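I've put the structures underneath this note.
What follows is a pair of complexes built around chain A, which joins chain B in one and chain C in the other.
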Partner chain A sequence: MSAVSLGYYPGCSGLGTSLEYDASTRAVCRALGITLQDIPDWTCCGSTPAHTVDHVLSSALAARNFAQAETAGIDDVITPCPSCLKNLRNALEHMEDDLFRARVDALTERPLTRPHTVKSVLQVLVEDIGLDAIKEKVTRPLTGMKVVPYYGCLMTRPASTMRFDSPEYPMSMDNLLAALGAEVLPFPLKVECCGASFGIPKKEAVTRLSGKLLDLAAGLGAHAVVVACPLCQMNLDLRQEQINAANNTHHALPVPYFTQLVGYALGVPEKELGFDKLIMPLAPAFTAMQEACAKATAVAEKKPAAGKTEATAGGAA
Partner chain B sequence: METIDLTRPDTAFIREVEKESGQTVSKCYQCGNCSAGCPMSFAYDIPVSRMMRLVQAGQKEAVLSAKSLWMCATCETCTQRCPNNIDVAKVMDVCRHMARREGKGGVYAVKTFWDAFMQSVGMNGKVHEIGLMVMYMLRTGRVFTDVDLAPKALPKGKMSILPHRAKGRKEVADILRRFHEGAADEQKVQARLAAAEQAGKQAATQEGGRS
Partner chain C sequence: MRIGVFICHCGSNIGGTVDCKSVAEESYAFPDVVFSTDTMYACSEPGQQGIIDAIKEHNLSGVVVASCTPRMHEPTFRRAVERAGLNRYMFEMANIREHVSWIGKNKDANTNKAAELVRMAVSKLRLNRDLHSKSFPVTKRVLVIGGGVAGIQAALDCADAGLDVVLVEREPSIGGKMSKLDKTFPTVDCSSCILGPRMVDVAQHPNITLYAAAEVESVSGYVGNFEVTVRKKATYVDWDKCTGCGLCTEKCPSKKSFDRFNEGVGPTTAIIIPFPQAIPKKASITRDACRQFTKGKCGVCAKICPTGAINYEQQDELVSMKVGGIVAATGYDLMDWTVYEEYGAGRYPDVITSLQYERLLSASGPTGGHVKRPSDGKEPKNVVFIQCVGSRDVSIGRPYCSGFCCMYTAKQAILTKDHIPDSQSFVFYMDIRSPGKGYDEFTRRVQEEYGAQYIRGRVSLIYPKGDKLIVRGVDTLMGGQQVDVEADLVVLAVGGEATQGSPQLAEKLRISYDSYGFFMEGHPKLKPVETNTAGVFLAGSCQGLKDIPSSVAQGSAAAAKAIGLLSKDMLASDPQIAQVDMKRCVGCGKCIQVCPFKAIKEVDVRGQIKAEVIETVCQGCGLCNATCPQGAVQLSHFTDNQILAEVEALCRF
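Here is the complex of A and B:
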């Protein structure tokens, strides 16, 4: 794998509620030889609120970031957040239409001069770096850790815009986690909505929808729900107690970002991965993993021993 | 029983939705697949497939007053599953834009949250999570919203008290200002494009005359 250099759009939550996603993304990219160049003085993509107001406005907020990227000679951008990704992609797509682009330019007053691309961190890891290359670098396999991958709505939807993996039953994160050695459980709700940004104005949406996700994950015996979206993570982790209270459940499921687990498996020091930022501690998942490993080893050691006992017994008879 | 008048559809409304969304709403044959997959149906007053039917029938008032417009999470499941490839989520999105333009109050808490978000972006260039929460709480009077989360999130350093301000925040504020002033209005931009094209042609003619 030769060195890769990419523009990086962290997204606003990377400065706050998803600090650990940003930190672990940077650490994983370093470990895999990807150089990230931050878009200088990037600003908000507009997220959901902007596109509920107007599509030209939403695209203009996104487009300013490409204009900023151009000042640093950046063409190709990656972002960890699926919501940012969707807005940035939508803007580029809509701006292929001349009139739409002229309307966006009327707001930004900074017409773009170069073509741009934008991808998710997950897509770059799976498609550009490749699972084999990642697998080769694993020094701390996650053997024995049972995980369910949760992609959320936007990582693969709408398919025409995201052009990545299956919109109904994606497998990229499944395969990535399996390459790290984890036991990946099939998770039928992997693209079901978590309640998105309704946590504040309509909490019931989150306690209800995220509640279903946690119920199923726990029912499957998962040690962790692995996510790729800051909003999903916040709903499932920070709001887990609210969810428990609303649904009379007692879940205590850790909700790490996939980048945190990739980083761990690649041997990145834990302090660079922000495990301490997770509300539901990740430690029990590692304990469960070690216990499973110890059990497997014990069984493996016992087997030949058991065979011997049998043989002895047979001989005695 | 709630009834709708199918004899007088607002055809201008249908055309507007189709133009802004780029979708042909008459392609919807009411299979209900969108409603079946919609995770927010429980919070809707009108299921999404019925919203599509109301658009087809030109029922502007019913569509733009629907609570459903504001409870849509834009998860794109409807769009993904439409057998006629209608971008249903986009139809919902443009109806929401129209509802705003028509001054519909929508679902107050949701609209207030989104407005507070945009205001935070306009002030800082980036969203400031705590600032956004405070604005939302002050406006809705729901001052105890998520106070239970503060002791969890604050010690983790995941929410900064002060905003991370972008140097380009004025540029972002200008984008919002120009939008509200109507700088991106289609006719205005179209006229300007036409004028520029005309000027270009004239310049080319003059150039041709000179050579």
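Here is the complex of A and C:
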């Protein structure tokens, strides 16, 4: 793996509700030899509030960030947030139409001069760095930790825009977590809706939909629900108490970002990974992991003896 | 030459957007045209009589009709000019309907284009010559490819009419998809009970030769005289000795082989007789599953066989034969539904196909007719049926309706209630498509008498929860409400597709197929069982998905066509074929290389190599004509000079 240098777009949540996603992304990239160069003076990606009102405005907001990237000589950008990613990609796609592009340029007054690409952090880790390279660098494997990966609705969809993994049953995060040594449980609701921003106008939608996700994850025996989207994380983690209250459940499932677990496995100090920012503490997941590990070791220690008996029995027969 | 021109209005089909009268008037100015008129319907009885009268009255030596496509009425008009005493090839057709009136709305431009097409036709006709057919004898034997219900019907009808029939079936038994069904709609009578006797008839008919576990290797020749090679695949059992006693299948130690007949519901042995009513009732070995082949030692079946029929050394065998006509009845396969990630893409054992469900329902199936779900063998109580899986779905490139799924789903819901009285069926559907005798009544019965809950809406997700499957769909008749159904078993009404290898077979038969692999009929309405290759006919789902009654009807229809063709002792050859000018031919052999019909051979003419066309084999495609560097090969009726005359007529400005 050679040194990689990429533009970095943290997105608004990276400075607020998902500080730990931003911090762990930076830490993981450092550990993997990826140099991140922040887009100077980046602004809103043009997501929901803008694109529900005006597509040109939304794309102009995104285009401004690419224009800013150009001032720093950046062509290829990565972002941890799937919503930012969708919007930045949408803008690039829409601007392939000359008429649309002209309307965007009229707003920004800063036409883009070079082609740009934008990818998710997940896609870069899985496709560009590669699972084998990551596996090689694992110093603290997650052996024994049972996890369910939850991609959310946007990470692979719409398929024609994201062009990454399967829109209905993605496996990239499953495979990444497995490479870290975790026991990845098949999670059939991995791309289901968490309720998204309905938490504000209609909380019932979130408690019902996210509740379903937590019920299934707990039912499968997961130690943690691993996410890749700041909004999903907020619904499942910050609102977990509300969900419990609404549904009369008692979940206490930690909801870490995948980057936090990658960072841990790569040996990044916990301080840099923002574990303390999680509402549902991650510690029980590690405890469960260690217990499972200890159990496995105990069984393994017994096993050779058992194996020997079998072999002898076989030989005798 | 004295040419007459007839411009057809085709009612308003042409007359609506082409000024036919002015085209007729303009045609008078074209060379050699001595008579020109417009006519309301040139193909009608008075229309044809008008042409015949004009030929006689004006002493015409050639005729141009400007009307529809020659595919439609060229034979009609050729017969008409023949009745008036002209050679049938002294006739040309200008297509001013499909090529003009139907595709343009500008009347002036259309009229101008129509006149130009007539001018081209006149220019070509001036160089036409009288051509005469030759006659050749036919082989009174029919090849039927595919032994499903359509092929069985075609084979029996042909054989009953006295023709020799060769029936080739890819699987080790005939019967096709129908033999896998438990019951049939809308009568709910036993499928194998009504099909079984017909299969026995095939086996016993003195005029039918059956090759099961065999495929068509190659086809050459032409209508009336096809040369066919059939590959009899090695079954490692000598079928002349095998009595079908089944001892080998009982003793075979390899019991984990995929059961093709039972659609993989439960495993089977490596040596099998596919099902109790199999025809021929002979054993065959699945090589990949057999220990003798995979591990090099076993031989249990060879030891147990009382007649010594097992032969591990058996090889494929090629059989060649001559046939006069061919009926393709190769049927369909279920599409690969695992493209649907939202239905689990095959991850959940209790999400099965409709055909697998038939095997679960069937008394001769692996569960003896007791409905047991694959995961834990429990009897399901809530059964969810999802329709249109792989049908009417543009997103996966299958926009067509499979036609039979609405009906078989209704049947399966009825059978579910019969088998498990305390069960509840749910059917997610888009529309209920049930045109057919007694069909709509049937789909009402399942809802009204059997209490199946029909929910109009698609399913967006199936996921396991405990030992249940949650089926989440929408009820579009309840204002788009989301519906979650807890199911014990989910049955997907998987749509059909052209059977594996259809395009390859079509190319062997030189017939057209559509983008989905279904064989193309000669005309969607008027030639439903013919193809554009003379002597090749179609029956059943290979032409487009259809249910049993329609397949049987097509089987009989294709047989009628084959019988009609072979009722003659001699057939007339088409004289529109290639001709070699011996003086120009340098014997380079390029024409031999390009000819797709092997219709050109080398001959020795006074010590020099020359090309010669085998007249009855040539199909008149013109490849040799275009390839010949010397211009020595000319296609009768489409000579270089004729084509150039047309081009010149068009490019005269």
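One rule holds in what follows: the second predicted complex is superposed on the first by the 303 of 317 C-alpha atoms of A that agree within 3 Å, B and C clash if a C-alpha of one lies under 4 Å from a C-alpha of the other, contacts with A are read in each partner's own complex, and residues count from 1 in each chain.
Note that contacts are C-beta pairs under 8 Å (C-beta built on N, C-alpha and C of every residue); 3 or more make two chains touch, one makes a residue touch a chain.
In this text the structure is predicted, and so the values were computed from the model without any measurement.
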### Query
If you stack the two complexes on chain A, which partner ends up touching A:P201: first (chain B), second (chain C), both, or neither?
first
### Message
With both complexes overlaid on chain A, does A:E168 touch chain B (first), chain C (second), both or neither?
### Response
both
### Message
After the superposition on A, what does A:E291 contact: first (chain B), second (chain C), both or neither?
### Response
neither
### Task
Could you figure out whether chain B or chain C reaches more residues of chain A?
B
### Task
Classify the contacts of A:E192 with the two partner chains as first (chain B alone), second (chain C alone), both, or neither.
both
### Task
Name the contact category of A:C12: first (chain B only), second (chain C only), both, or neither.
first
### Query
Which partner does A:D75 contact after superposing on A: first (chain B), second (chain C), both, neither?
neither
### Query
Given the touch rule stated above, what does A:E93 touch, chain B (first), chain C (second), both, or neither?
neither
### Message
If we overlay the two complexes on their shared chain A, which of chain B and chain C does A:E301 touch? Say first, second, both or neither.
### Response
neither
### Query
Where on chain A do the contacts with chain B and the contacts with chain C coincide?
167-168, 192
### Query
In the complex of these two chains, what residues of chain B are touching chain A?
39-40, 42-43, 71, 73-77, 79-80, 87, 89, 93-94, 96-97, 100, 107, 109-110, 112-115, 117-118, 121, 125-127, 129, 133, 136, 145-146, 148-149, 152-153, 156-160, 164, 166-169, 171-172, 174-176, 178-179, 183-184, 186, 188-190, 192-193
### Task
Would you mind writing out the residues of chain A in touch with chain B in their complex?
12-13, 15-19, 41-44, 46-57, 60-61, 64, 68, 98-99, 102-104, 106-109, 153-154, 157-159, 167-168, 192-193, 195-202, 204-205, 208-209, 238-239, 241-242, 276-277, 279
### Task
Could you please specify the touching residues of chain C with respect to chain A in the complex?
340-342, 344-345, 347, 461, 463-466
#### Entry: chain C-touching residues of chain A, taken from the complex the two chains share
166-169, 186, 188-189, 192, 216, 219
